[in-house]
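Read from first to last, the chains carry the letters A, B, C, D, E and F; within each, the first residue is number 1.
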Amino acid sequence: MKISEIIDILEQYAPTILADEGDRPKVGLQMGNRHKECTGVVTCLDATLDVLKKAVENGCNMVVSHHPMIYYPLQKIDEDEVNGEAIAYAFRNDITIYSAHTNFDKCEVGTNASLVKMLDGKVVDTFECCFVAEVEPIAVGNLAKKVASALSDKSVKVIGDVDREVSKIAVCSGGGGGAFSYLNYANRNADVYISGDMPHHMYLEALGRDFPVIEFSHYASEIMAEDVFKSIIGDKVKVIKANQPCPFRTLEEI
Amino acid sequence: MKISEIIDILEQYAPTILADEGDRPKVGLQMGNRHKECTGVVTCLDATLDVLKKAVENGCNMVVSHHPMIYYPLQKIDEDEVNGEAIAYAFRNDITIYSAHTNFDKCEVGTNASLVKMLDGKVVDTFECCFVAEVEPIAVGNLAKKVASALSDKSVKVIGDVDREVSKIAVCSGGGGGAFSYLNYANRNADVYISGDMPHHMYLEALGRDFPVIEFSHYASEIMAEDVFKSIIGDKVKVIKANQPCPFRTLEEI
Amino acid sequence: MKISEIIDILEQYAPTILADEGDRPKVGLQMGNRHKECTGVVTCLDATLDVLKKAVENGCNMVVSHHPMIYYPLQKIDEDEVNGEAIAYAFRNDITIYSAHTNFDKCEVGTNASLVKMLDGKVVDTFECCFVAEVEPIAVGNLAKKVASALSDKSVKVIGDVDREVSKIAVCSGGGGGAFSYLNYANRNADVYISGDMPHHMYLEALGRDFPVIEFSHYASEIMAEDVFKSIIGDKVKVIKANQPCPFRTLEEI
Amino acid sequence: MKISEIIDILEQYAPTILADEGDRPKVGLQMGNRHKECTGVVTCLDATLDVLKKAVENGCNMVVSHHPMIYYPLQKIDEDEVNGEAIAYAFRNDITIYSAHTNFDKCEVGTNASLVKMLDGKVVDTFECCFVAEVEPIAVGNLAKKVASALSDKSVKVIGDVDREVSKIAVCSGGGGGAFSYLNYANRNADVYISGDMPHHMYLEALGRDFPVIEFSHYASEIMAEDVFKSIIGDKVKVIKANQPCPFRTLEEI
Amino acid sequence: MKISEIIDILEQYAPTILADEGDRPKVGLQMGNRHKECTGVVTCLDATLDVLKKAVENGCNMVVSHHPMIYYPLQKIDEDEVNGEAIAYAFRNDITIYSAHTNFDKCEVGTNASLVKMLDGKVVDTFECCFVAEVEPIAVGNLAKKVASALSDKSVKVIGDVDREVSKIAVCSGGGGGAFSYLNYANRNADVYISGDMPHHMYLEALGRDFPVIEFSHYASEIMAEDVFKSIIGDKVKVIKANQPCPFRTLEEI
Amino acid sequence: MKISEIIDILEQYAPTILADEGDRPKVGLQMGNRHKECTGVVTCLDATLDVLKKAVENGCNMVVSHHPMIYYPLQKIDEDEVNGEAIAYAFRNDITIYSAHTNFDKCEVGTNASLVKMLDGKVVDTFECCFVAEVEPIAVGNLAKKVASALSDKSVKVIGDVDREVSKIAVCSGGGGGAFSYLNYANRNADVYISGDMPHHMYLEALGRDFPVIEFSHYASEIMAEDVFKSIIGDKVKVIKANQPCPFRTLEEI
């Protein structure tokens, strides 16, 4: 099967038309050659050098990542830099990299849909990359523990009243913690907001509104993409999950 | 003593000329009246409504905060919004709010200088709000535990090799984790970078460079401002620390 | 009756959707608390400190102004500054300020509609904040005297031929004298343009086109807002007009 | 004498280097041919069609104006438009137009220096196009009458306390009434601000600051340019003043 | 016949609504007076001084050019500059200049339609100023010779494989060689791209794509506008072609 | 010898500090790995796929080009596109690409200095990438022939008077024909301007000024870079010239 055929299958699930406007040029084939025969796929969150090496070790010439590898436009490709080293390795080893980013966040089998499912919720509304879902009434503190357990995320934090019972949750996978518009939307449409990469001033805004927030790690909220990509294309081609580790360790893990 | 005199003393330590250009209009008297007699000061990280109430309860009509209260320019002041509620309360209770932000980050008694001291270091270089210091050789993991202990911060994370011995640290209080230029500077001039509010893609950049990073919480790295402000003006006027709590709770604190 | 109910009534007459795009964030509740019981309203052109004081003296906790009080976004609220002093006074005295600006200019009972009525005209066309109306044929000089008399405005000026008979007038309340697009529209659709705040180069443009212009004072053309606001809400709540004086004096009034 | 030689003389008095940056491309030879023999000059405030006709009637082939004729960059020159008609007339009649604008405002014999002199003041400071001068103590109302009389300006207005005695005046010829930075500078450095083209919201700012302002007409404050230009070049070439009339009439002049 | 009537006829063929958005203000009457009686027209590519002189010598008071005379907005009209000298000459000699630019490129009798016709093609598609047409199969080298011969253009260049047979051509009159979007469109929809003003990096792009390009001179590809304008209005008024020469000479023409 | 050492030698001749500001990020190591041992260098104008293949065929792992390979920042590297195919080939074959662009244009042994030498001139002034030189008096037509002969450029064009004798020439290698500021500088400081990539409206500007211009091909004016790079590093490492052909053919070369 050709790489372009694998892409066609992925895009049936996550059409590129769903991607945010600014994300559009980075979504799709990021690097490489769509016409080659696919010898196997490694699925991952980020196409890091370690992931590319795993592909080579396993005889796979395609990597499907959630995050685009070239995030900022390139003016040079110096192997002394992180991106340059990975790009060089990819070309030298004939690996083609494909990314499904905000189109995957929003699609029916994507990260947000997965999160809602892991929390036993039912989607009732969406706003860009933010999904609102209904769950059985639960205290915020217990919901935080459920999130931590479902995502195996030891770094979960809670902002606000842990005892308040909530039944409508707003979820945004990845780094939706910095988007004011998402917090606003969540506040108007849900009882609690669950997202990652949240800076200090957002904690204050949530506290000031008396609106509970649960923060997970960006990584933990999207690593299931490895599984989802595998489930989509696993019956067409050899697929290996990168089993990419969390990029940080908490105090107790040191 | 007049409020303006308190301000003069604070600005001897943290001259407003040190503030970043974009920060300039927000640094200094943020709200209120510099000509009133000061009846007492509450020092804090953020001039939240809770802090303002503590000022009133303690007969203080001045709040000295590290973060500017009006962070984004205002077009209306609606009491239904977080900022509006606090501004209204401040005016109704005759509280004047003064902020020392990036000028305080950089000054000799400021947040970064304090962090270096808490880690038993000696400043050898600075770059905007980032300080480089020399410390006794220590493994990154142990340094992370030292940071956690010094700041009473249970949320400390480590990115990269915990066993590597380091002796030159780059520290940026608050949310320096999102500034690529700081990571670059730290990477070129130190063995490890220590800062807060770090989004996922910075973890990857640090891992890709094999450059260790320790992430603390924005709050924990700056809450000592309460003490520093108190030490500067405590002998001139009644000063009460807000003892502002951390805005989030970790899993074990729920 | 709650302040929010007074707002609802005003917005039935001047829906915020009518406001210019750039004006949108400043129109509506400008400052204060919509949930309080309304103890009385002072209507005015500008919510100056004098107006706020009148509200307090008369036991009114709401001010309805035509011009938004926060015209330029605020980065600090220093009581040493004009805006800061008024904002502080408003909050200390629990006054809520509501503004209907360009939405009121354009609505059926608004400033432009009022001007046309005062000049015995009949609206036949509109363009943004500019209204075209038909009047009985009249010489430009006499029309200027009629404007001066209707608005009690001693500062009225005439540009161009005073003897020319006109029957189609274009009117723009406030400071429409600086908008080239309004002059153009008036020139194509009317015999004379009537507006305020006109800079020198607009006089030349009008003279060059041989298109007569009558300039009134911004104040005189909008002070009737005090009356209109009163007529709208006067039967629901105590309403006092500010009777705000003209901000300038002509030579003969010194 | 060649037109270029007349220009050289004018620029000894008002060097183009003094002009504001944005004004630079419009200052100097605005239209025509610097190499022709000068047959006479008409001096004026604005190079309107009437002024150009006066030049032709008097055998003059040069017009020296204070305001640049091409104020907004041109993309077409249609004789149906005000500017186009004048440009066409100028070329058809071989008239060269020269403008000294902000460089003339600021120079030693320019509009601001002239205004100070007419008010019996002595310049003590300058800021861009704003001059501060000391005068004999005088009440604001009387100063306004003196301005009106010196400039023959019936439209003079006063904002604020007419009885306050002032001795330090800030003057800005033309349309300095709309520049917030000038009001600020005047407020910090003088007792009263005198300028033209002042919109309504500046009246409020001045009233709020309790800072007196006198508003003259833009025209009246700069028409003396006709005389000054004449005095500079009158002994080298035939010079006729346009005696350009005020573009508006007040109520009593109708 | 009035000049405005000539304009009406031209705009029936090349409606200004067809012009590119940025081109809109420069298309139409560029300079002069539409109300005069037309004494004759000179048609040309560029309204240079030589062309204007030819108009005068032949008793014509109108010039119809393809390129707008005022290409960059004017801030002064100095006769020492190229544009200023021509504008002055035009007004002194009562010449009105009319331009049909991108509206003429795209219209049914315009430059692109003419080019297609000269190459015996049939238009099948259009994209902005680029026309795709079908021709009898021909080798690229022979097509280049045909272009050179049809346009009498000795400077024609070929990029890529001269022997490849092509039957679908994309043509863009004038300077379409610098527009990446045109090359892209041509590459997707035709076998060869034919245009002018092509910089070096476009040659490389074409070679890299193995997509043949033929470059003609901007002048040669549009000089037929002289004829087309004449054919449109020649029966209404005296029309003389400028017979404007090519602005450059090739080596063999020196 | 390491690639980084070759770079050091090149930058002694063409320091990157000389590069234009916008060109800075693209100058220097464009792609690859500076730490490898250099097995040979291919010098060229453009690092096209053909040039990269020549490097491989000749056992060279470094390409030194005048033009940067990544001219527009990249957001993806698709092998279906011209740039993507070349980048992939470079990495797969371990080729490192180094570019010296505007720094090389301006340096003492660079393209402009070379052009002046080929025309037997002596540099007397410089302005950005434009050099002024004195030559023996020569007619413009003959100078054009000399340029054509020196550069073996059959596409040379002449604009203006071929018989005029000139002795001061302004030269700008590459595509300086589109830069208005260069034409201005040349016109004020030299008798003739010599550059490439000249669009039609520049011809008109030159003709209107009666200022002669000679246009060469961008390629022909810079291909000598192959030789210069070789002469700089040829004694340190194996160096092969790409002998890159001209990207276009003239009519007589078809």
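We adopt the following convention: contacts are C-beta pairs under 8 Å (C-beta built on N, C-alpha and C of every residue); 3 or more make two chains touch, one makes a residue touch a chain.
Only a predicted model underlies this, so the values are computations on that prediction, with no experimental measurement involved.
**Student:** So if I look at the partners of chain A and the partners of chain B, which chains show up in both lists?
**Tutor:** Under the touch definition, chain A and chain B have no mutual neighbours whatsoever.
**Student:** Which is the least count of steps on a path of touching chains running from chain B to chain D?
**Tutor:** 2
**Student:** What is the shortest path, in steps, from chain A to chain F when you may only step between chains that touch?
**Tutor:** 1
**Student:** Name the chain whose C-alpha centroid is most distant from the C-alpha centroid of chain D.
**Tutor:** A
**Student:** Averaged over CA atoms, how far is the centre of chain C from the centre of chain E? Could you give it in whole Å?
**Tutor:** Each chain reduced to its C-alpha mean, chain C and chain E end up 53 Å apart.
**Student:** Per the centroid of Cα atoms for each chain, what is the distance between chain D and chain E, given in Å?
**Tutor:** Chain centres of chain D and chain E, defined by C-alpha means, are spaced 46 Å apart.
**Student:** Give, as an integer number of Å, the spacing between the C-alpha centres of chain F and chain E.
**Tutor:** So the centroids are 31 Å from each other.
**Student:** Send over the residues of chain C in touch with two or more other chains.
**Tutor:** none
**Student:** Based on the touch definition given at the start, go ahead and assign the chain network to line, ring, star, complete or other.
**Tutor:** ring
**Student:** Show which residues of chain C lie in contact with chain B when the two form their complex.
**Tutor:** 25-26, 28-35, 70, 73-80, 84, 87-88, 90-92, 94
**Student:** Quick one: in the complex, what on chain C touches chain D?
**Tutor:** Residues 46, 48-49, 67, 71, 82-83, 85-86, 141, 144-145, 148, 154-159, 162, 174-175, 178, 196-197, 199-201, 203-205, 207-209, 215, 217-219, 247-251, 254 of chain C touch chain D in their complex.
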